[in-house]
Amino acid sequence: MVNQKYLDKAEVLIEALPYIQRFNRKIIVVKYGGSAMIDEELQQNVIKDVVLLKLVGFKPILVHGGGKEISRWVGKVGMEPKFVNGLRVTDEDTMEVAEMVLNKVNKGLVSMVESLGVKAVGLSGKDGGLLQVNKKFSNGEDIGYVGEIKNVNPQVIHDLLEKDFLPIICPIGTDDSYHSYNINADDAASAIAEAMNAEKLAFLSDIEGVYYDKDDPSTLISELTVAEAGGLIESGHVAGGMIPKLQNCITAIENGVNRVHILDGRIPHCLLLEIFTNKGIGTAILRNEEEKYSNENK
Amino acid sequence: MVNQKYLDKAEVLIEALPYIQRFNRKIIVVKYGGSAMIDEELQQNVIKDVVLLKLVGFKPILVHGGGKEISRWVGKVGMEPKFVNGLRVTDEDTMEVAEMVLNKVNKGLVSMVESLGVKAVGLSGKDGGLLQVNKKFSNGEDIGYVGEIKNVNPQVIHDLLEKDFLPIICPIGTDDSYHSYNINADDAASAIAEAMNAEKLAFLSDIEGVYYDKDDPSTLISELTVAEAGGLIESGHVAGGMIPKLQNCITAIENGVNRVHILDGRIPHCLLLEIFTNKGIGTAILRNEEEKYSNENK
Amino acid sequence: MVNQKYLDKAEVLIEALPYIQRFNRKIIVVKYGGSAMIDEELQQNVIKDVVLLKLVGFKPILVHGGGKEISRWVGKVGMEPKFVNGLRVTDEDTMEVAEMVLNKVNKGLVSMVESLGVKAVGLSGKDGGLLQVNKKFSNGEDIGYVGEIKNVNPQVIHDLLEKDFLPIICPIGTDDSYHSYNINADDAASAIAEAMNAEKLAFLSDIEGVYYDKDDPSTLISELTVAEAGGLIESGHVAGGMIPKLQNCITAIENGVNRVHILDGRIPHCLLLEIFTNKGIGTAILRNEEEKYSNENK
Amino acid sequence: MVNQKYLDKAEVLIEALPYIQRFNRKIIVVKYGGSAMIDEELQQNVIKDVVLLKLVGFKPILVHGGGKEISRWVGKVGMEPKFVNGLRVTDEDTMEVAEMVLNKVNKGLVSMVESLGVKAVGLSGKDGGLLQVNKKFSNGEDIGYVGEIKNVNPQVIHDLLEKDFLPIICPIGTDDSYHSYNINADDAASAIAEAMNAEKLAFLSDIEGVYYDKDDPSTLISELTVAEAGGLIESGHVAGGMIPKLQNCITAIENGVNRVHILDGRIPHCLLLEIFTNKGIGTAILRNEEEKYSNENK
Amino acid sequence: MVNQKYLDKAEVLIEALPYIQRFNRKIIVVKYGGSAMIDEELQQNVIKDVVLLKLVGFKPILVHGGGKEISRWVGKVGMEPKFVNGLRVTDEDTMEVAEMVLNKVNKGLVSMVESLGVKAVGLSGKDGGLLQVNKKFSNGEDIGYVGEIKNVNPQVIHDLLEKDFLPIICPIGTDDSYHSYNINADDAASAIAEAMNAEKLAFLSDIEGVYYDKDDPSTLISELTVAEAGGLIESGHVAGGMIPKLQNCITAIENGVNRVHILDGRIPHCLLLEIFTNKGIGTAILRNEEEKYSNENK
Amino acid sequence: MVNQKYLDKAEVLIEALPYIQRFNRKIIVVKYGGSAMIDEELQQNVIKDVVLLKLVGFKPILVHGGGKEISRWVGKVGMEPKFVNGLRVTDEDTMEVAEMVLNKVNKGLVSMVESLGVKAVGLSGKDGGLLQVNKKFSNGEDIGYVGEIKNVNPQVIHDLLEKDFLPIICPIGTDDSYHSYNINADDAASAIAEAMNAEKLAFLSDIEGVYYDKDDPSTLISELTVAEAGGLIESGHVAGGMIPKLQNCITAIENGVNRVHILDGRIPHCLLLEIFTNKGIGTAILRNEEEKYSNENK
């Protein structure tokens, strides 16, 4: 007799069938940051999830940040990290360190993917002219080489996907005179998802999702329309870093991404759980009311 | 907190990763017959397994028989099934019934695959001149339109795989004057696996595998080299229908198939279990001693 | 000196030149049924004609019925064929027999084409999800598994034509729960011609064409506009089975087929005669008055 | 009733079936010269034949001369045509006239083919560096710009065939310093047939074929092996212009052309007669004895 | 130390960089006639320029005339060249000579290009049905086989460019009954540039450019909008052959060509000078005022 | 009149013609390091040269080091650069800094190329598994994460070239457990040139070339066969860093690279001078004596 354990395993694979079908050859942009980048086991899990998505026929694109590692190196070379309104003030020296760190992290992720047998190429927004930016001001204040995305030229991503690579992207862009700029990784992920007409955009972060009352864990919202999300911002139910994150979600959907997820990167394999089970986790932002609870559009 | 059940599910998917990688774009011929064709639930399971293999990047080819259904219809039109040495004596009328039944079964399987969202085309050996046969005699006795395969022209299968179809094949061939012949489904599966340079050939049957002593279930052999398989035949340890089956395994490997499996089609999802877990089930026939216990070549 | 007989032969080939040019790479759907399917010599002739069209650069698609053979087998298994308003009442058992017979006939035609050196694949409406149907009622009466076409998914035909196969199709479809349905072969041919944007649709039947007075052979109409055809139905000049046939012709043209022909399948090589000589035979249904007598649009 | 005349026409087309199949996508080089170039009706016939071959799936290549027209123009500009051992003495002025005339004839043939609805491009051996020559001497005597082919660069022909053009070629080549040379059209046709691995090479000339006794029309030889052809030359049974022609046939077969035909261009449609009927006309040169009378290799 | 001379050379190449980039894969039609065709050194220069354009990634197309050479041969065969309103009266005989001469010149240019290592094919308007004409009258007077272009079928040029050939075209076309017609080479170049959506059209002629006062060399105009060009014609500042030339420039731009140049073919390498230096030479005709002096659109 | 200066420019471009032809679509690997990386104007020159090579049809690949910049940053974070036998001792921390710096330099070069209108992607040896290494010891001494190349997997470069990118590569590889290793840039360039079957490999360094007597500038050797180069090493005429550089030249040629150049990166546009003029600069290493002074194989 075959052990029940094995039969159960087969069942799990069979249950994945409809999800594999639904997302076959679809583009999924994963923004990867926070704890999931620091804890080595979580990191392994995220990479394995993305590799699995690639192998079963999805077209994942990984966009990552590196905030804490940048701060560590800024310190290491004897500089003081400086923030204005939550944005890193990025002078010439800081920019240089940030670019070094992000590219090192980037190629490290490439190596992890390669070690699992999937081909990867690490890009910054400089490669193929991927990310073009304007200088960004914080309430009119000059905060240095911080960019807001003006244009995405996704050809290099299309080319790499066609050649079966998994593109891994760090959020550095250039302005018209080809100077380097730091870009918020959430912004970069959103802009790339839009330019690639992604099916899904998933933000892996250090929060469980969006709360109706952020001090009450029981008020986690599992599905939110674009309109409702806008309402939460206006009504002040969400605050701080959640505002730009929700704003990115809204913009992404308005620009053609089908669904956006805010996932808790601290849960192992949160990506797989979201995609391959009917247990939606975190908060999904949907186009409209009709899509709510509709498994079809999950 | 996320329920442990879900985390376990994610783990199962992750465990499948190395197997998905190993067989990516590899051709796997599945011979499907016996109980697994009659029991409706088993049938659903087999089809789902094959569809999953297709979706995660394998190139499965399904070859099926229809013995019991043929007998039923032969009776229904008032004829008497007749066998010589275990081979159906196939006169003109029987051949006509057999061809009708096999094609009906064939298109039924096509529909099941299509209902799961995967494109399929049902072929007999007539389509694209796939299977060309010579008349087969049983110890010199004329048993009618029973064919042994003389040539396989696999172009139509290559074309359908290129266009992303799952080919489903019933074992009917034609002789030089284009008369229809019945072919043993095991023989057809082996010949097709050889012509397609398949990575794997799996026979789903009504036995657990090969026994050293067929009356003692504890003597099930999990791995067998081609040489050992030949020895079992010579020494008389295997008998009856197992002899031609083992012979097919040996020939297939000698002609380029990498590994052959005799699986118990009565176990739900036996195909997935064999391919996606390290619990090999049934009997694997290997090229040589080195491959034994080697997970690498599983 | 070269014999006049040979020179005449060369002349015939040369005369075919403009027709070969005109239909080069054009799709021609041939509905094949009636006497032409039963008389063995006529059958050979039809298949040879279609093979010739294929070889000189056309893209023929063969759609066939099998009414009489179905009736024969329904009787053979001890059932009674039953018709309501000329439509076969198709219960579960009848449907099973019909599907078996049609697929057998289908693969027989495949073999005939292959024996003439042209690659063929036999399809039912199940393959590649080709024909999707709704249940059809006859004046509100339930007549079982008789389908009317809801949707044609012609991808599988495009794929096979691209790979240089001649597709041969039997008129079986499935409903939303993937149950089998019998479809009128004329309906199937029309729907496929429309979905493939065919240049021509030719019905081979047991009548000479459309008569102004069906009891007076001298009133055979050689060209008929869509408007005139509609008039004949309304005025009651045509009746019985000719009404749905003409209706199919009208719909086909309205949906993009360029010209439809009702040909007498009892005339040897009627297809070649129609296409390769300026002696139009049978009745041609045209888009409008301008096309009448215009050799250009023949 | 359909007139017997039409049924006969259909039969002729059906009889062409096996020949169309056999030569499908095969390359056939036709050397066209002599009367067939001067008589306007014969010219029309040859072009129609070649166009028909193209349309039914062959890949014909037309190589032509223009001897008489060259002589006419040489006279027109007040020069005296001069021949040594049957080879035109080609001084600078004559070469200029020859090149002008051949290119004019060439583009005239292009226009005739285009008027029949088939795309054509006219080439000389200069286009794409097609024909490279060495200076040819006649028994040591300098006869001017007469070239013998040193190299064929068939890429331009492959490119045009791929784009579905019918290439029409006039026999002008260049030496290493890119000076123009006149080439014997038979030599050019043979060299091109060899470089293109043609299935057939057909010489249309003003003779019925090869005779055993050239003064006795009843001794026309319909099939000749390469060995026998060599024998006829050695034994002196053939003489004059027939010697280099036979020599070209032998070389062509030795270099990979399957079969060579010497046809009487004065017979209307001699090409079609040769290819589409079992009445071989003219003389066929075969590889060996086994091919004789074998319809298979016709 | 490296000699300054070499460093200067490198600088010239580097200066070409932006121009090479700007015109990469752009189509440039060059009309080549006048002195540049007669002086052997100028001819070498033009061909080298065009070959260089090809090699650095442009897609040049060469259109040439042959007026003086035609006149020479018309005389050589004892005919008298006859002109009406500057147009050659082209009777049957003259047409024959013109076609011979133009094709000879055409293949000569092919050979020159081939000798520089670039693949070329010489076309007349007959090849691939490139140029279709109507008979042209001169103020109502019949001037014989002089054609005005009715239609350009540029497929053959696209095919040759795709296969990396440099197309060289002589201005002969055919009417509906496929008779040959002589076409003004400027007209042919314009029509081809329009049909190919050329980036640039350059006329190499025997004048320095357009003058405001043709008797005062100091009034050479270097840039002219379409509107200004029209004004010059209306105001009578330009006259004679310059009128149709300017008219061609205007029409070309109105039909999609980006910029047209009238260059002095007597200046060695005038094409390279125009394209690769910021010293525009001759007269450029621009779409509008904004493009004037704008280096961007040069 | 056109100024002589402009005519001279055209001449320079025309002189480049044969070189552009010879290297059309050929792969040229450029190792870029030393002064040419530090002096900003030299850097601009090198990048412009490589961009020009790309635009005129070559396929350049840029491999760069970053030694001095690494040392600067190692210092900046308070570590002490340490060398053993000229090889940097690379502990974990140093490796991290090296990888950060090299990737930053890499993406900086990408941006410079992009600013000149050519598409570039920056790779390390991790991308696509490009460079796999073994740990290298220095005379048995452990010098940390210094790798010697075990395998090159050039697929990612082929893919990028096919998509028209200019690949820019920094010399970091991974061992079997995917740890990062520093690689000597000369070694990386050689290994990549070999794996890509490059036509040329050019080392831009801070020396004029190879001297027979390194203290006597007048003994600069302009051409050296592989055999002679080996002789110079054995006889002790070359020493120090020149030994491994020459060794790389020899190995590259033995593994299929056609010619290797040691160029003085301090000379502006040394690459263009070497390739586009007949003034060879620096030292060329050739396969054998025959190639010496042979312009053909330059």
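All chains are identified by letter, namely A, B, C, D, E and F, in their written order; residue positions are counted from 1 within each chain.
Convention: a contact is a pair of C-beta atoms (placed from the backbone, for glycine too) under 8 Å apart; a residue touches a chain by one contact, two chains touch by 3 or more.
Just so it is clear, the model here is predicted, and its values are computed rather than measured.
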Output for shared partners of subunit D and subunit F reads E
Hop count on the shortest chain-contact route linking subunit B and subunit E comes to 3
Touching both subunit A and subunit D we find none
Greatest centre-to-centre gap (Cα means) from subunit E is with chain B
Subunit B and subunit C have mean C-alpha positions lying a whole-number Å distance apart equal to 37
Note: subunit B sits from subunit A at a C-alpha centroid distance in Å of 44
Among line, ring, star, complete and other, the chain contact graph is ring
Beginning at subunit E with subunit F second, the chains that make up the ring follow as E, F, A, B, C, D
Subunit D partner, complex, touching residues on subunit C are 2-3, 6-18, 20-21, 24, 45, 48-49, 51-52, 55-57, 116-118, 267-270, 272-273, 276-277, 279, 281
Listed in rising order, subunit D residues that touch subunit E in their complex are 73, 76-77, 96, 99-101, 103-104, 106-108, 110-112, 114-115, 119-124, 126-129, 155-156, 159-160, 163, 165, 172, 174, 178, 180
